[in-house]
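Here subunit A shows up in two complexes: once beside subunit B, once beside subunit C.
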Partner chain A sequence: MTAVIRPVKTSAETALVEQFTAAKAALPGNATLREQAFGAIVEGLPHRRVEEWKYTDLRALMKDAKPLAVAPEKAEIDAAKKAVPFAALKVPAILFVNGTLAEQGKLPAGIEALALTKAYATDHALLKRFGESGVPSDNAAVALNTAFVSDGILLTVKKGASVETPLHLAFVQHGAGHAAYARVLVVVEEGASVTLIESHTGKGAHQTNSYVEVLAADKTDVTLVKLQNEDLASQHLATLAIKLGAEAKLTTVNVSRGATLARQQIHLYFEGDTTNASLNGISLSGGKRHLDTTLFVDHASYGCESREQFKQVLDGQSRSVFQGKILVRQNAQKTDGRMMMRALMLSDDSEADLKPELEIYADDVQCAHGATCAALEEEYMFYLMARGIPRAEAEAMLVEGFVGEVFDSIENETLKEELLAVTNEWLRTRD
Partner chain B sequence: MPAVQETIDQVRSIDVDQYKYGFVTDIESEKAPQGLNEDIVRFISAKKNEPAWLLEWRLDAYRRWLTMREPTWAKVEYDPIPYNELYYYSAPKSSPGPKSLDEVDPELLRTYEKLGIPLREREILLGVERPEGERRVAVDAVFDSVSVATTFQKELAEAGVLFMPISEAVHKHPELIKKYLGSVVPVTDNFFATLNSAVFSDGSFVYVPPGVRCPMELSTYFRINERNTGQFERTLIIADKGSYVSYLEGCTAPMRDENQLHAAVVELVALEDAEIKYSTVQNWYPGDSEGKGGIYNFVTKRGDCREANAKISWTQVETGSSITWKYPSCILRGDNSVGEFYSIAISNGKQQVDSGTKMIHLGRNTTSKIISKGIAAGKSENTYRGLVSAHRKAKNARNFTNCDSLLIGDQCGAHTVPYIEANTATAKIEHEATTSKIAEDQMFYCKQRGLSDEEAVALIVNGFVKDVLQQLPMEFAVEAQKLIAVSLEGSVG
Partner chain C sequence: MLSIKNLHARIEDNGQEILKGLDLEVPAGQVHAIMGPNGSGKSTLSYVLAGKEDYEVTEGSVTLDGQDLLELEADERAAKGVFLAFQYPLEIPGVGTMTFLKATLNAQRRAREEGEVSTPEFMKLVKKTADELGISMEMLKRSLNVGFSGGEKKRNEILQMALLQPKLAILDETDSGLDIDALKIVSEGVNKLRAPDRSFVVITHYQRLLNYIKPDVVHVMSKGRIVRSGGPELALELEKNGYAEYGEAA
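What follows is the complex of A and B.
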């Protein structure tokens, strides 16, 4: 639309090219795949003129590209363990420190695990399954992960296994000044059920890029809960890609609390018929932080139902973005898709950007979306304050009520309480 | 819920191959040489005998246009437009600016009669008593690149309302043109607006003085006749303090195999306490059922509530054009100003519609409302694209948006792309796009009274659509109703 501009490479873009050139020889696995993926970045990072990145101008926001993390020492691993959340849950955990698989607890029966590095060494067949969900490989966050990934884990939930105990994937960042890339593949075989908890914590100014792909076969029941509570100086780019078979059930809850810049991408593909999915999330932003949740739901089959419920609470000068798109393909008749997004602005200096999108090619479907954006109702505040509750407390009660709804889809009470505690902690600091 | 048979029939009856305004008027015309360059811009300016400053303005726009790229973000696909093969000016030979209707080529008058547009005031004035309450409409008829007739000029002048072709206003009221032209849609606004700024030929100009309520509806009727021409009209409406004006616009074109380009710019300025109501029934030739021919409608329409308590209301019924790229917008600059957008867009055949609005809240206590209904049939694509933004200073801004769409058949697509940008916590923005599943209690009420399911649905839905239609002035509402007496049952967001 405007004059053609020849972009000058930013320092982050230059650094990425240098790092890739230096590191590629030492990185495991298929070098061609990495080269191809990096091809999507080599021209530069996505900016606001790229529609999907309109509200999260990665080119401007990503000031630098930190060097790849080196494998952690034992002392670092021990120190990192202290930052693992959800101790009260008492569930087995797979620990990653700075993107490296550091410790693997005893897995619940029915789950098998294979370290990504081992899979690379044997060119394991599971590796080929990455990308089956149809997530675009040239998406900047995905491409960066493919190009730089050094460690991760491949999980298989065996056919018919009903895994009662949740499995915790704990990603801890220790120290500052590095970038960590990890990826996880979860293959859920027919009729299996599993709950996975993913957490990202740790102190220091670092960069995280995580990629999790879940391939759930027919009649599976999968629950995915993620807490992103990284240091407020860190950057977090994450992709969750899911493929669902027929008559399956999926519940996801995503809590975005930390990082100065975070983008959570969720890509959901309905491969089988009559499957139900419920996607939920909250983001809590304050200070000058920038949180982004970008969702793409691909209804490609008959009679599937999807429910998306996302809430944002904003304070300070923060910016919170929610983009969600529901695509209903021509053959996806009887689709029922509902997306609701609500932004609650506690500060006048914050900015909420919402983009709920529908793209529909089937005629016998029910699709709806709603979006609202407002401050707390003064009337409710008045009601509470008239009963002697101080302003700050009244505000906290209302916010808790606002986000609490999102946690209702979590069955594990302890987990629900832990997540509410994170919300309350944010309400005190509002950072 | 799939669409009921009645709905399908109604849509079918206005399908592309039923286009009845597709005749060609055989009239000699004078055209500019084919193509686009600075000489063409000078040619158009000279034809209009324009002052030097306007020529410079055009040339400046043209030079900027050369550096711009055509936007690609809309959900429309078309072959590249051969900008250098178009004719940028075409006028019926006999009448470049007739003094009175008697001087207008009878062939032209017949064209407008065929279209049902009354240009002969006499008939109306001499006619038997008008039924009580019937309103008169002053019409400015634009044929290809020039305005051929403007009716009721005298009566309007008595009220102080200026209503004339913009080419005439350039000479008669240069101070107003200089002050307002390009003040809402800047020359550099977008690719098509810049092109329009360089080569715009004619259009309507309206100025309503302070405190005046315009005594009749104003209307412009656009007709593209000539082959290979682009129509680039420019409309400028200014409602001075405390005034009110209602303006209607209608469009048709002959059926031709090639695509024709229509890139208009409409600028509205509402000053303190003023109100502008702008209605469009767009029925350009949509191309045949195979997608051959049809008008490319790339239009920039924007209203500026420049001072406090101003109100601008857009109503559009879009049934024509092979491609529609149109986002009538409101800049709510003045405190307490109000913006409204009511739209019904129907696409058939291989039509592609990407339309919506922008509500830019800048002033305090500004409010806006968006009601959009999209109906896609055949192999068409129908997209609503809208932006609601509340600036930091737009304290207590309010918006309500509702867009519904309906698909008839599984070969078409309906899409909703809303953007919401809130920069102040005091703003309250609500957006909903729902399946228009009719409330159970309404159905129950109707069925209890002996109506069948389909009758009940038709009744409820009709009432629902009429809410939007009511925004149109009576004369247009009737015409529009014929076009869109379709139910929205079973619609998808």
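What follows is the complex of A and C.
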């Protein structure tokens, strides 16, 4: 007989079990699915001995599990609206407050929306499409979301629709001490094009878990831009899962600026042939913050191209993790994948962990990856300063230059400027 | 204007002394050429004047119109009117040339408590100066020096000098890597800036540049010191005889 040694549960783990036990009867939708999902974490949260979580030891880092948020009052919703970013864009926003769908606004033509609560009530067919991207259901962040989520939205971009106006999904946290779960499904039908902006903002120590799944059919053109700018005392776990059809185009830009502990997971599955994807991101960390971006790209089809470009700027004693894996399956001939990750370290005490991985089973592919870690170039600094630019301004210019390249993949100039403004704001505080 | 007395400087990392008691006086309005063999310390002198941190001054003084330069950071020296045209201008990806030019001009104006230049005023100024130097506005839309040819980079240095209107301009081998046409354009750019209240220190290996930028005084530098000074004819003599008599190979 072998005895399985189980460490004592952490207070977060204990609280999660208690919460699930207390809440499950009242949670809508498929109870079995929730039970199954919770099964993945009932024994505990992933820790550093689990390779995928080696650099982000969730068990050690997640000190507590905050209680589930209650639906916000109207006054809270009104107050939360002030924290919605990107006002300059003047685009419609779907507002979530503490994980609850608070306002839907007027949607651009070509997009249909269904509240997740309504989908649960009618057991809508779209619900079955969650997970089609192949994102592992037992991943801790995904499993927690599946187990606890009660609100969200299901969007359909109709066949052939060319939606010019970006659609903004604004997730605002209002108040402190709660955990908010939200879930979004975006079905992009054949030949449609759309730009989705996702923002996470708000003040107070809270915990958020968001799950966004995008299922884009053939010949679609999808742009996804996300800003994570939550309170510096918060915890943000997020999953972006994508499935792409044939001859499609995808651009994603992820900006990770807020939260004490944040993990952005991106799962991309190339289902169709000859599709192009460009995945980009930056993280800005200071203080003792911990930001993680974990990427998995599954090339399962012929002739697809993926470009991954991720940059980190670190200050203080912060830690920034980027792990990116590209899998090229045997039938994915003529795959062209290039992943570049670069860390710019502004302090001596920060830590950047970069882990590029390639796993290739096809024999006619082009794949490359690179990783760099560096301080600011002294030579660059001298050149700028020799022209009269003071040290702080010179540093800011170089950091902006480093980061700016990532924003170049955004076509909307206003949005680009807004994101540069976030970078500038970080450069002033370096927190 | 510029007064250097008994300047000693060493490389901070390894302590190697490069400048070993250098004296140089450059009066206002004059152009002084510094020639010398490789390794004589010419580029080090330009870096020490501009305030590069890799060097440590162990002895001596450098003043510009009585202002002690050595106590100032590189950006403060620039604001006091020191300009270094780099031998190898750096390519800085992600930093737009126009953004950079405007930042330099405004930083210096702020440091001197002058108002910032307005965007239309700035554009006009850049366009006019760039035209004279044969620099297209298209080029200036790129990242700083990225994708510029060697000659374009050097012209971009002169463009910056013309915009910033320094008191003291140090040209570090501005002629290197230039073909004859580019050399003429660059020299004309420099000559246009000659003024009674502006001095130039022109560092060069070859006499050729001095056909276009006529120096008032030519100095020979060797082993970290000025070992000989004379008129423009000294450059011709060096061209003919080489630097052999100064103890180092050319």
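Just so we're on the same page, the second predicted complex is superposed on the first by the 426 of 431 C-alpha atoms of A that agree within 3 Å, B and C clash if a C-alpha of one lies under 4 Å from a C-alpha of the other, contacts with A are read in each partner's own complex, and residues count from 1 in each chain.
In this text, contacts are C-beta pairs under 8 Å (C-beta built on N, C-alpha and C of every residue); 3 or more make two chains touch, one makes a residue touch a chain.
Nothing here was measured: the structure is a model prediction, and the numbers come from that model.
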Clash-or-fit label for the pair subunit B, subunit C on subunit A: fit
Partner chain in contact with A:E378 - subunit B first, subunit C second, else both or neither: second
Contacts of A:L126 with subunit B and subunit C, given as first, second, both or neither: neither
More subunit A residues in contact [subunit B versus subunit C]: B
First, second, both or neither for A:A79, with subunit B first and subunit C second: neither
First, second, both or neither for A:E405, with subunit B first and subunit C second: second
Partner chain(s) touched by A:S350 [first = subunit B, second = subunit C, both, neither]: first
Which superposed partner A:L27 touches (first subunit B, second subunit C, both, neither): neither
First (subunit B), second (subunit C), both or neither touched by A:A15: neither
Lowest inter-chain C-alpha distance for subunit C and subunit B in the superposed arrangement, angstrom: 12
In the complex, subunit A residues that touch subunit C: 378-380, 382-391, 393-394, 397-398, 400-405
List of subunit C residues in touch with subunit A within their complex: 50-54, 73-75, 77-79, 83-84, 86, 89-90, 92-95, 99-100, 103-104, 107-108, 111, 143, 160, 164
Subunit B-facing residues of subunit A, complex: 1-4, 51, 328, 330, 333, 343, 345-375
Residue numbers on subunit B that touch subunit A, as the complex places them: 1-3, 67-71, 73, 190-191, 392, 405, 407-435, 437, 490, 492-493
